[in-house]
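So, here's a batch of structures to check.
There are two complexes below, and they share chain A, which is joined by chain B in the first and by chain C in the second.
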Partner chain A sequence: MSMASEGLTPVLAVQEVEASGLGAAVAASLGRGARYLTMAASDHREDEGRLRVDVVLAPGGPGPLEVLRLHLPPQRAEYASLTPILPAVHWDEREARDLLGVVPLGHPDPRPLVLPDDWPRGLHPLRRDVPWDVHPASAVGAAWSARLAEGEGVVHMPVGPVHAGIIDSGHFAFSLMGESILHLDVRLGWKHRGVEKTVEGTPWEEASAAVERVCATCSASQQAAWSEAVEQILGWPLPPRAVWLRTILLECERLANHINDIAALPAGTGYTVAAMAGSVLKERMLRLAAQAFGHRYLFGAIRPGGVARDLDPAAGTGLRQGLGELRGDLERLTQRMLRHPGFVDRIHGTGVLRPSTARDLGGVGPVARASGVRQDLRLDRPYLAYRQLAPLLVVEEEGDVAARLRVRIREAAVSLELLDRLLHGLPPGPWRAPAPAGAERASGLGIGACESPRGAQVHYLELRQGRIFRLRIRSSSFANWPLLLEAVPGNLIGDFPLINKSFELCYACSDR
Partner chain B sequence: MGKRTVPLLSRSLQLRHVDAGSCNGCESELAAITNPIYDAQRFGVDVVASPRHADVLTVSGPVTRQMEEALRRTHQAMGEPRLVVSVGDCAAGGCPFAGSYASHRGVGEVLRVDAHIPGCPPSPADIVRHLRALMGQV
Partner chain C sequence: MNIWLAAVLKAVAVLMFLGLNAFVLIWGERKVSAYIQRRYGPLRVGGPAGIFQSAADILKLLAKEDVMPGDADRWLWLLAPIVSLVPATLVYLVLPIGRTVVLQNLNIGLVFFSSVTSFSLLAVFMAGWGSNNKYSLLGAMRAGAQLFSYEIPLILSTIGVVIVTGTLTLQRIVQYQTHHAWFVFPQILGFLVFFVASLAELNRTPFDLSEAESELIAGYFTEYSGIRWALFAIAEYSNLFTTSALGVTLFLGGWHGPWLPGWVWFLLKSYLWVFVGMWIRWTLPRVRIDQLMDLGWKFLFPVSVANILGTALYLVVR
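Presenting the complex of A and B:
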């Protein structure tokens, strides 16, 4: 969002609130049209003798991000849960309870979210006095248990964490009546690697390689949000060419993901011809990315202050030409898919996410936009080159698998259009700015956000003396997982893979 | 009559995959080995839906604490002979998060590894090449 180059406007407005007043402050902000972005708990016992919870909201119009700050005494680290007034935070609150022992009183779900089943109760790994490499003996206590529907004839079907296909690890608990799904619960955290604890204490200059490996398929978005947070703290403006190149990288990533997600859907209906044709287009996109930027998933592409390397003119021309060829082939494929009666029959009316549910639970990205939520950070808080080149907002109303597919098809076309203009108008000049004086000892809070292929990607970063004190990553998938659970009941179990693919949620960045 | 012997698994390798804490890059590239460009099936390599049908277990990620048991059980479910192939740098201990409170330092801490495919992530071409080498085809 707003770069330091914006000038005099502060980027963040921190407001300290009492534990008893947090709910009212959040409600007032939401009432003014603000949108929830992220929440981060952190351990400040060493210097302040207390724990901290920051709730970050973006105002409805322009202006600084609102940070509502709560201080909590370590002996009574509890506050009234925000979930009843802001359901979008319900997983954030569970995570903060797991990792920092900050207790949201009255939270509707007492179960752990990310910690392993055998993790000892009361040991909160993101407390600063818990060593990074603590490996406690297996304990009983914190284990997750599925929420199931009960009744005569109801069958329970657990699936995962290991799945039949090549996908990430996660566990689903279905309650079925015949083939109909009555209820779905999910257990994530299988891929929890302790990302945020691992980078604590790392100088910001050395953290990019870890940050970009939180998630491969949205790596450029992770790099961009992370870099923006650093730049915000340091007051580090980007040169125009860097702004443009970063935008090109983000749009290339969106396109690769949308093509993947478009191709994944026919696979879920047995329409193999289209799935295979789509997989070829995805491979072509990954190769174009590798040729232009050196890596198929854009690892090592973006660094604070700019990008990691320039795009040479020949590679830029090659990319533009390759994208032009891709555009026609993608169009032909998607038109063919949407004319296939069997495929169309399967995707219409399947896995409906109601607009009110998408809004109430804080859905983001194409999933929310397919349920009528008019929200896209590229337009709502323009950043990078989106300030000059606003993409078209793509919204569908039906909220079913078909609507999510149509959003991605249309957004892919918008990305191709945007990329053509970006590559055509790429300004000359430096692609990275030197770090401001004192950058290696900088302290402060920065919040970087961008619209990843799956929606808002938010990095909350506190630096102290140039080292990471706290990094919390709220990924778009983290925001959207609870929505999937609402769209599935009432559908047939055989349609679950299709619905799941139409959400195309990532486990790696949700679990971290 | 001289009977021509064929090395074990040299013509057919059924593969089951476990993600033990990857960034999903290895999964994306593994899924690509059966697309029409790499078409690993022409070499006898295929992905199967159950460990009971598999000859080789591919594993990505550093092995998180929460995935350890699922990984062991998937391996135990396989019939003999069975092979374990670690895929990607994380699986060999090169993960930036290896050794954290939530994670092992690679597949080798949990299972005996027969072969490793390096890369971050390894490309589909790399994966196919290493699998063919494992089969004795190249």
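Presenting the complex of A and C:
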């Protein structure tokens, strides 16, 4: 374990392609069994006089990540859209068009994704000559041009962007025929914070606090992917204890999220007893996390080079014992839920996401696995302690709300089991490695990826002289939002909250 | 006694009871739900077990601004909460509260009760349409479909009782039960259908589709606040009590019981019924609208018809 970050730092294989050859290169790579990870555009006009688009794919087997690099002249920053051959980049391309002015020709959706509809044309906030606090006077908030179904008897029902309850901002536009949903369109970006812009130029040592706040519920995954990207650039190996502790943190986060999602689902049907009992378990999990790691949502727990603080033996024992007690209670609750005929009637056959749709649109995490997609970064590209302790792959085939619930229930059990083994076999030694020489002036490209509770979390990071040049975070929710729009039509409007909760998508991750 | 004076006194008594009933049930519902969900429920406002919560709620509601949506249909919108109170108040007329206590011993008591309660749909539609809001309208339409589907099994389920006693007078139905078994035993099918249908009629979980907080915001009264919203709540809790009281009258012997005075038994049984309703509300998940319709038309309706046929056949053969 001397070079623990060895497999965690796959060498990147950068391949430069022509604008005309990008589609063919991506298609060839996909044909070899590669999987799309992320796409990042960046502004290199200062030194190279051009814009850059990187498409990152993970090969089917072991081996370096493939980075397909495209250079575009700033006057004609156009290329043939990848969406027709790789629908998973649908939103990525719209975002890059908004933020960097990189235009995918032939993209099926010409509307902005992140910027307001009345944002001035030609002003792309992530271009380096645009200040972070740019506030164009013309952008006053025009009405959003939702895509609606039209026809005799079709009713349009807008929901949001302000919702009742403690939930972030998203605007849903339903086209209804009676109680049935014909079409759903969604608009996010209402609270876009521009984190990727504001961290530009920040030394990497100081950026962790911003990165971990991109999303509270997936904070540890954000920290892990970010740290991995930094460590990759710096060639910074982790000591074994740090590897183990980081894995424990990630699994604790997965467990807290899965318990939360399991508890949220019955609330969508008015089955409050189960929802409340589940909330009790979630609270217990958060308190265990706070006791062991100092923060309920694990903020400030992981730092490049290791973890932020050690787990002392007493806290470790307490955590292990608390998790043991949690296991039995969680099992009893979930069995009660799955045996409840009224509840089961509501979740079976509701919100079906077909396996082909999940695969084609690049679904990730429990949502994809509930539609039969065999995909889990912990197994596909093992990292941290998953290389020694492979978790069981949990897959369901039906793709309905019930399948997504079952995936989470089974994965929570797997996490509990994994945590028990991790806490039992925690190696001694240092929990953080000193930074390698010259770390504060390091430059390079790093890609950190980990399986967050909601699926693949990918950080694309370019450092220049120790400072962030470009950070792009592709979160699991960003990948899964387009899938929700496919699963909802055909269902009753009353089932939407249930379907939405079963996807458990994060607004903050997309409005980062 | 002067007939007008008597009428006024009765009206005042009913309205006072209406207020008191809502006062206790709103607090009671919160306590029951809290107990079921392992919470404490209202405590902070003071009084034993937070009983002053209802008083605080009422003060708050009275002090709230009365906001009318800009495009609302003015009169429909303004009148809906008041209209909802009318059937809620009228049904007290025929309920036999004690051996000799009934406000008006109508010979068509049961028919009066069911016809008056079906009027509450009018208020629901006035609110839903008058608000000029899609959530409200959807909620009102669901309520309409639901009331229509459940009114029928609800009424059919009571016919067995009517066949056996040969009367529509509620007081006579109770008197019959004082020297026979309570109808819950001989009319068990009718009782079960009545119980389920009454939950649906009252729009309560598992049948609270027209409100469905997590799906449709608050349904037809989304746009109401302050005292107008309070009127809806008072009517709702009053309907909860009167429907339970009707069930008690028809199937659980009404005021009949040993030792205690009749009106005490009547209240005890009715509130027990209310409690069971709350218990169910906070324990079961909500059904989907198609499941609701299936249950009403494909199950409750045939069962209640079978119950009528069985009862009639028994009386003929006997």
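One rule holds in what follows: the second predicted complex is superposed on the first by the 495 of 512 C-alpha atoms of A that agree within 3 Å, B and C clash if a C-alpha of one lies under 4 Å from a C-alpha of the other, contacts with A are read in each partner's own complex, and residues count from 1 in each chain.
Following the convention adopted for this analysis, a contact is a pair of C-beta atoms (placed from the backbone, for glycine too) under 8 Å apart; a residue touches a chain by one contact, two chains touch by 3 or more.
Because the structure is predicted, anything quoted here is derived from the model rather than measured.
Enquirer: Thinking of the overlay built on chain A, is A:276 touched by chain B (first), by chain C (second), by both, or by neither?
Expert: A:276 sits against chain B and chain C alike.
Enquirer: For A:209 in the superposed arrangement: first (chain B), second (chain C), both or neither?
Expert: Only chain B; A:209 stays clear of chain C.
Enquirer: Under the stated touch criterion, which partner chain does A:492 make contact with: chain B (first), chain C (second), both, or neither?
Expert: Only chain C is touched by A:492; chain B is not.
Enquirer: Touch check for A:345: first (chain B), second (chain C), both, or neither?
Expert: A:345 sits against chain C, while chain B stays out of touch.
Enquirer: First (chain B), second (chain C), both or neither: which does A:164 touch?
Expert: both
Enquirer: Which partner chains sit in contact with A:508 here, chain B, chain C, both or neither? Use first/second/both/neither.
Expert: It touches chain B, and chain C stays clear.
Enquirer: Return first, second, both or neither, reflecting whether A:12 touches chain B, chain C, both chains, or no partner chain.
Expert: Touch partners of A:12: none, neither chain B nor chain C.
Enquirer: Which touches a greater number of chain A residues, chain B or chain C?
Expert: For chain A, the partner with the higher number of touched residues is B.
Enquirer: In the superposed arrangement, which partner chain does A:30 touch: chain B (first), chain C (second), both, or neither?
Expert: neither
Enquirer: Let me check the overlay on chain A: which residues of chain A are in contact with chain B and also with chain C?
Expert: On chain A, the overlap between the chain B and chain C contacts is residues 164, 276, 280.
Enquirer: Write out the stretch or stretches of chain C touching chain A in their complex.
Expert: Within the complex, chain C touches chain A at residues 33, 36-39, 134-135, 138, 205-206, 208-209, 212-217, 282-291.
Enquirer: Which bits of chain A are touching chain B when the two form their complex?
Expert: Touching chain B: residues 116-119, 125, 130-135, 161-162, 164-169, 189-195, 197-198, 209-210, 213-217, 219, 260, 276, 279-280, 282-283, 296-297, 299, 506-508 of chain A.
Enquirer: Sort out for me which residues of chain A touch chain C in the complex.
Expert: 155, 157, 164, 179, 266-273, 276-277, 280, 340, 342-343, 345-346, 492-497
Enquirer: Touching chain A in the complex: which residues of chain B?
Expert: 17-25, 27-32, 35-37, 47, 49-51, 61-62, 64-67, 70, 74, 95-97, 99-103, 120-121, 123-124
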